[in-house]
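Each in structure tokens, the structures are laid out below.
There are two complexes below, and they share chain A, which is joined by chain B in the first and by chain C in the second.
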Partner chain A sequence: MNMVNIKINNRDIKVAKGTSILNAAKEVGITIPNLCYHPDQEVKANCRVCVVEVEGARTLQASCATEVKEGMVIRTNTQKVRQSRKVVIELLLANHDMDCISCKKNNQCGLQEIAANIGVRESRFENVLVKQEIDTSSPSIERNPNKCIRCGRCIQMCNDVQGLAILDYVGRGGSVDVKPAFGMYLNSAACVACGQCSVVCPVAAITEKEDIEQVWEAINNPNKTVVVQTAPAVRVSLGEEFGLEPGKIVTGKLVASLRALGFDKIFDTDFTADLTIIEEGHELLQRLKEGGTLPLLTSCSPGWVNFIEQYYPELLPHLSSCKSPQQMFGALAKGYYAEKIGKKPKDIYSVSIMPCTAKKFEAKREEMSVDGENLDVDVVLTTRELAKMLRQAGIDFNKLPEEEYDAPFGLASGAGVIFGATGGVMEAALRTVYEVVTGKTLENLDFMAVRGLEGIKEAQVDLDGTIVKVAVAHSLSKARQVMELIKEGKADYSFIEIMCCPGGCIGGGGQPFGGTDELRIKRINAIYEADKGLPIRKSHENPAVNKLYEDFLIKPLGEKSHHLLHTTYMNRKK
Partner chain B sequence: MSNKEITKNMLTARFDVINPDSIDEYISHNGYTALKKAMSKTGEEIISEVKIAGLKGRGGAGFPTGLKMEAVSQADGSPKYIICNADEGEPGNFKDRYLMEKDPHQLIEGIIICAFAANINNGYIFIRGEYINAINIMEKALEQARVNGYLGDNILDSGFNFDMEVYSGAGSYVCGEEFALLVTIEGKQGRATYKPPFPTTVGLYNKPTQINNVETFCNIPHILNMGGKEFSKIGTDSSKGTKLVCLSGNIVNPGLYEVELGVSIRDIIEKLGKGVPNKRAIKMVQLGGASGPVIPENMLDIKLDSKEMSKLNLNYGSGAIIVMDDRIDVLDILKRIIEFFHHESCGKCTPCREGLTQMLILLDRFTDGIATNDDLAILEILMETMNQSSICGLGQAAPTATQKVLEYFREEFTNKINSTDSIVV
Partner chain C sequence: MQVKEALDKYGRTADKLIGAMLAYQKSTPCNYLTEDDIKEFSRETGLPESRVYSIASFYSLLSTEARGKYIIQVCYDVPCYINDSVNIVNELEKILEIKMGQTTDDRLFTIEYSSCLGCCDKAPAMQIGATLYGNLTKDKISSILSTYRGGKDE
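Now for the complex of A and B:
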């Protein structure tokens, strides 16, 4: 590697050519404060917090945007630098509502943290904030322009990763805002509610729509049996909220924490993920056999379902009719479990803990109701909201014991767990479809070709002489590429898994703030580790799922399945 | 000294002599001869002539033109682009408009020579939207140049292909900043970005791009015609050639003048501009435009010479000279300047976007008579931050006039402080 010699704060170091000053400083243990910089995004250099002195330069230099050069002499903490950073933070605060106490991101805010670290307690400038309406139109995310620092991280996420461009800069100069075109509400714009903007927002300008209070009410209502399901991806990220190493698997503590909060039954969405594989696998086989519309597209990611309904409705026949695991669970909770325990659907309060903001939208779709009156999933909480509830209840997460899920929806296979990572649904499906079709035992369960962070992945399997080509895509910019291939007739795949968020659900819009690729890889590794550690790793071998078919559903794609586990879609082009 | 001794008509020699709509008249007045000369040389030879000439950019920053041409010609990447910055949004400037309206082919010839030197095949002339007349004249001139074989394929049988078109901005000031200008051509919002990398390596569509001001390009044919060495004899050691100055404000004869670099500002004001109406005293003079420094009357003997001026932390910028007599309200002038930048800021970076709003509030406190010592202290800290930490020249230069007023006319502020309260800031 090409190295250059530089001096940072009188310390001589060698760093790789092309390194930014910001990252070079990190190597010698100096954190340069920054707000708009994000390691996975293009450098924006607009917040101007990370400025440093570079010998010979006329002005201070943004360390995120300045590459080191041989012989460069850098000072990160001079009086000039300190003063400039302080003024910049004060300027931001002077156009901000300064309402930290009631802020949803109190103690999790980049601006607050830097202000505290550099010693800004109040702004010497007059507050010029012109209060704007908070956009609460979306059931998934909330946009509070009074907190926005115009850093543009959300814009890059929405534009470059998701390819949607719902958010952009509007206006110029002092009146620049970040909002949908023409100031539209989020629910009128063609937003898919993925919440990726909220993951990268350093302040509280975009957050999840908070639904915690309703859950407290239900838990405290003696007439309600409150059941909760936990998505695969939550168990590998929740620990981050409590200072644990990213990628730490906290399944047992997660279950214990929910019990401690007062939920009556703790179930696992992985169970219905297994169920999804059985149903979707058979749907695929049926389409292959009967010449149905191919490629079949997965339907478990609600941000992705929103995308195809709004942007490619002409391709809806490709979409699997299977509900997502969350909604399969909800339907079973109200349409099966309620009766099983002698209750009416309305007496069951069904909560789900999801890494996702679009799930909040999905749960509110009116067709997601088995009795036509009550929603199958009453409330969706994100990973972040669950962490908040635990903090509110004063539960010391790290001291919790490891506990087990409740029956009958607590047992899951490794195939259900890997739903949380991009490629996981495909891998789970292949494990089952292979054995169902060939009748043989699959030797190697690990389909490495569909794993990892590459945007579009391909694989093929030999089903007793029939070669089936499959593909996997994550993030909507990649989904769009795949949709275009299908439209051009160039997608010669039988089955395609699409996840809305980068990395799959582990990178979901409801996951802990500040997600980066580095973090996503750690969570993905944890997901596969969890899979490896389970005694059952194929959905069709999950005895609880098989029992459900025996006792109730009878057979995949059967009448009961059709009623409870499958759905229809609509053209929602905007 | 008469006018004749101060003015030197080189770039303006054909003004009102030829019909700008006629390429034939341009050709009959020595037009396109430099291009023919250039085409008998190699690119390196042309660039070398420009380096010998010592020409520096006329848009305000004063970067050596030969070095810029060399950087583009040596940069990796294809295609390369050449862009003429004719956005001329800086208040007080109107020289580029005249250069385009009075002698469009001089500009076109200069651009073609530079394109030939760096083997560039595509170019744009980015003209501010308000310059409707200049846009029409340039478009017509480009078409004539095409018809006459100076643009298009195989120019003058040299095997060199080059064409360009007019791109009209929508009148945003910041689009004169080269990156904001570039992204506008790409169809994006006109917002500045960080540098380096400079456009010479990563420019339009991320390709190497040469961007120069109108006046800079207009010098090129003269360098080719007289040779770099001869050109370098005009002006001073550190500032070669002539300069178009835009004289305005409280002046008897405002207008456009071409002078040899090295003349004093006082000579320009008194000999060319005939002084201030009614012989009033000069309070201050602003150089370069709204983003430029102001100087008091007793500094007017300073010469248009980059070395001499830089000693005082000054520069002549793009050549505007705005004269203000003793009737002006200095703070009112500063407020107008800051209002202008506040309106024109792209809003991308914090110091400029938020800082200009705060500067206006603080200046208001002085004019409202409620300012304190703290206000003055925080104003100065704010301006230093804007100057040091803004992402582009707009935010960096916006406080310049105010900073210079505090340097030369501090009493304008301290007289208005209405309180003795002092908290250490």
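Now for the complex of A and C:
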């Protein structure tokens, strides 16, 4: 590698050519504060917090946008630098709603952290914020323009990664805002509620819609049996909220924490992920056999379902009729479990812990109600909201014991766990479909070709002479590419997994703030590690799932399945 | 003029958008781009609606709100400011009986601020359409306005 010699704060170091000053400083343990910089995004250099002194340069340089050069002499802590950063922060604060104590991101805010670190102690500038309406129109995310610092991270996320471009700058100079075209509400814009904007927002300008209070009320209502399900991706990210290293598997503590909060039954969405594989696998086989619409597209990711309904409704016949694991769980909780324990659906309060903001929207779809009166999933909490609840309750997460899920929806296979990573649904399906079709035992369970962060992945499976081609895509810009291929008749796949968020659910919009690719890889690795550690790794070998078919569902794609586990979609083009 | 005509003339790529929008806007009775116009520019060019709206909202020559036949743009930059552009604005507001940013009831005039007009040697300055007026004084304002009231063709 081509290296250059530079000096940072009197220390001589060698770094790779092309490194930014910001990242070079990181290598020697110096954190240069920044707000608009994001390691996975293009350099924006608009917040001006990361300025440093470079010898010979006329002005302070934005360290995120300046590459190191041979012999460069950099100072990151001179009076000039410190004062400049301070003024920038003070100016941002002068146009910011400063109710930090009651802010949703109190203690998790990039601006607050930098202001504290650089020692802003007074407001020298009069606050000139003209308060604007907070957009609470979406059931999933909330946009608070009074907190926005116009860094543009959300714009890049929505535009470059998701390819939706719902948000952009509006206006000019001091009056610039970040919002949808025409100042539209999020629920009238063609937003899919994925919440990726909220993950990269350094402040509280875009956050999840908070539903914590309703859950507390239910827990404290003696007439309600409060059941909770946990998505696969939550177990590899929740630890980050409590200082554990990214990718730490905290399944046992997660269960214990929910029990400590007062939930009556702790179940696992992985169980219904296994169920999804049985139903969706049979749907695929049926379509292959009977010449149904192919390629079959997965339907677990509600952000993706929103996308196809709003942007490619003409391709809806491709979408699997299977509900997502969350909604399968909800339907079983109210349409099976309630009766089993001698309760009415309305006496069951069903909560789900998801890495996702779009799940909040999905749960509120009116067709997601088995009795036509009560929603199958009453409330969806994101990983972040669960962490907040635990902090509210004063539960020391790290001191919790490891506990087990409750029966009957607590047992899951490794196939259910890997739903949390891009390629996981496909791999889980292949493990089952192969054995169902061929009647042989699959020797190697790891389908490496569908794993990892590459945008679009392909694989082929030999089902006793029949070659089945499959594909996997994650993030909506990649989903769009696949949709265009299908429209052009160039997608000769039988089955395609699509996940809305980069990296799959582990990179979901409800995951801990500040997600990067580096973090996503660690969470993905943890997911596969969790899979490897389980005694059962194929959905069709999950005894609890098989028992559910024996006792109740009878057979895949049967009448009960049709009623509880499958759904229909609609054209919602905007 | 139709949106399509403007784009046919200028081209459908991102770099041609501003020219096309300006030409189209000029042909509209109220000197602005409606929501439908912006949506059509977006569809025709393949650029996202939010991007087209962002551009329309950024440039002071473009507007997303209905305006008068004549747009009076007063320079808001420093040299004009220190040469008393504030009083020029006051005089315009007094004569036209509207506030900065508003349009007269007869839809003849709109007053707006503009970024530097590039003629700091003639500060304070303003422009109406393509005509520049420099070294402004309070007294000059009413005579300039009356030439437009008489139906002057820019």
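Here, the second predicted complex is superposed on the first by the 573 of 574 C-alpha atoms of A that agree within 3 Å, B and C clash if a C-alpha of one lies under 4 Å from a C-alpha of the other, contacts with A are read in each partner's own complex, and residues count from 1 in each chain.
By definition in this document, contacts are C-beta pairs under 8 Å (C-beta built on N, C-alpha and C of every residue); 3 or more make two chains touch, one makes a residue touch a chain.
Quantities reported herein were computed from a predicted structural model and do not represent experimental measurements.
**Q** Return fit or clash for chain B versus chain C, each positioned on chain A through the superposition.
**A** clash
**Q** What is the contact status of A:A65 with respect to chain B (first) and chain C (second): first, second, both, or neither?
**A** A:A65 contacts chain B only, not chain C.
**Q** Once the structures are superposed on A, label A:G171 by its partner contacts, choosing first (chain B), second (chain C), both or neither.
**A** A:G171: touches chain B and chain C.
**Q** Given the superposition on chain A, which partner contacts more residues in chain A: chain B or chain C?
**A** Chain A has more residues touched by B than by the other partner.
**Q** So, A:E126: does it touch chain B (first), chain C (second), both, or neither?
**A** After superposing on A, A:E126 lies in contact with chain B but is clear of chain C.
**Q** Output check: A:N159 vs chain B and chain C. Expected answer is one of first, second, both, neither. What do you get?
**A** It touches chain C, and chain B stays clear.
**Q** Touching A:P180 in the superposition: chain B (first), chain C (second), both, neither?
**A** second
**Q** Looking at the overlay, does A:V88 come into contact with chain B only (first), chain C only (second), both, or neither?
**A** Only chain B; A:V88 stays clear of chain C.
**Q** Touching A:A45, do we find chain B (first), chain C (second), both, or neither?
**A** first
**Q** For the superposed three-chain arrangement, which chain B stretch in 205-213, 259-267 or 331-339 runs into chain C?
**A** Clashes with chain C appear only in stretch 331-339.
**Q** Could you give the residue numbers on chain A that contact chain B in one complex and chain C in the other?
**A** After superposing on chain A, chain A residues 169, 171-172 contact both chain B and chain C.
**Q** What does chain A use to touch chain C in their complex?
**A** So the residues of chain A touching chain C come out as 159, 164-172, 180-182.
**Q** Sort out for me which residues of chain C touch chain A in the complex.
**A** Spelled out, the residues of chain C in touch with chain A are 35, 38, 48-54, 57-60, 64.
**Q** Which residues of chain B touch chain A in their complex?
**A** 172, 189, 191, 193-194, 196, 342-351, 353-358, 361, 374, 378, 381-382, 384-385, 387-391, 396, 425
**Q** What part of chain A is in contact with chain B in the complex they form?
**A** 43, 45-49, 51, 59-60, 62, 65-67, 80, 83-84, 87-88, 91-92, 94-95, 124-126, 128, 149-150, 169, 171-176
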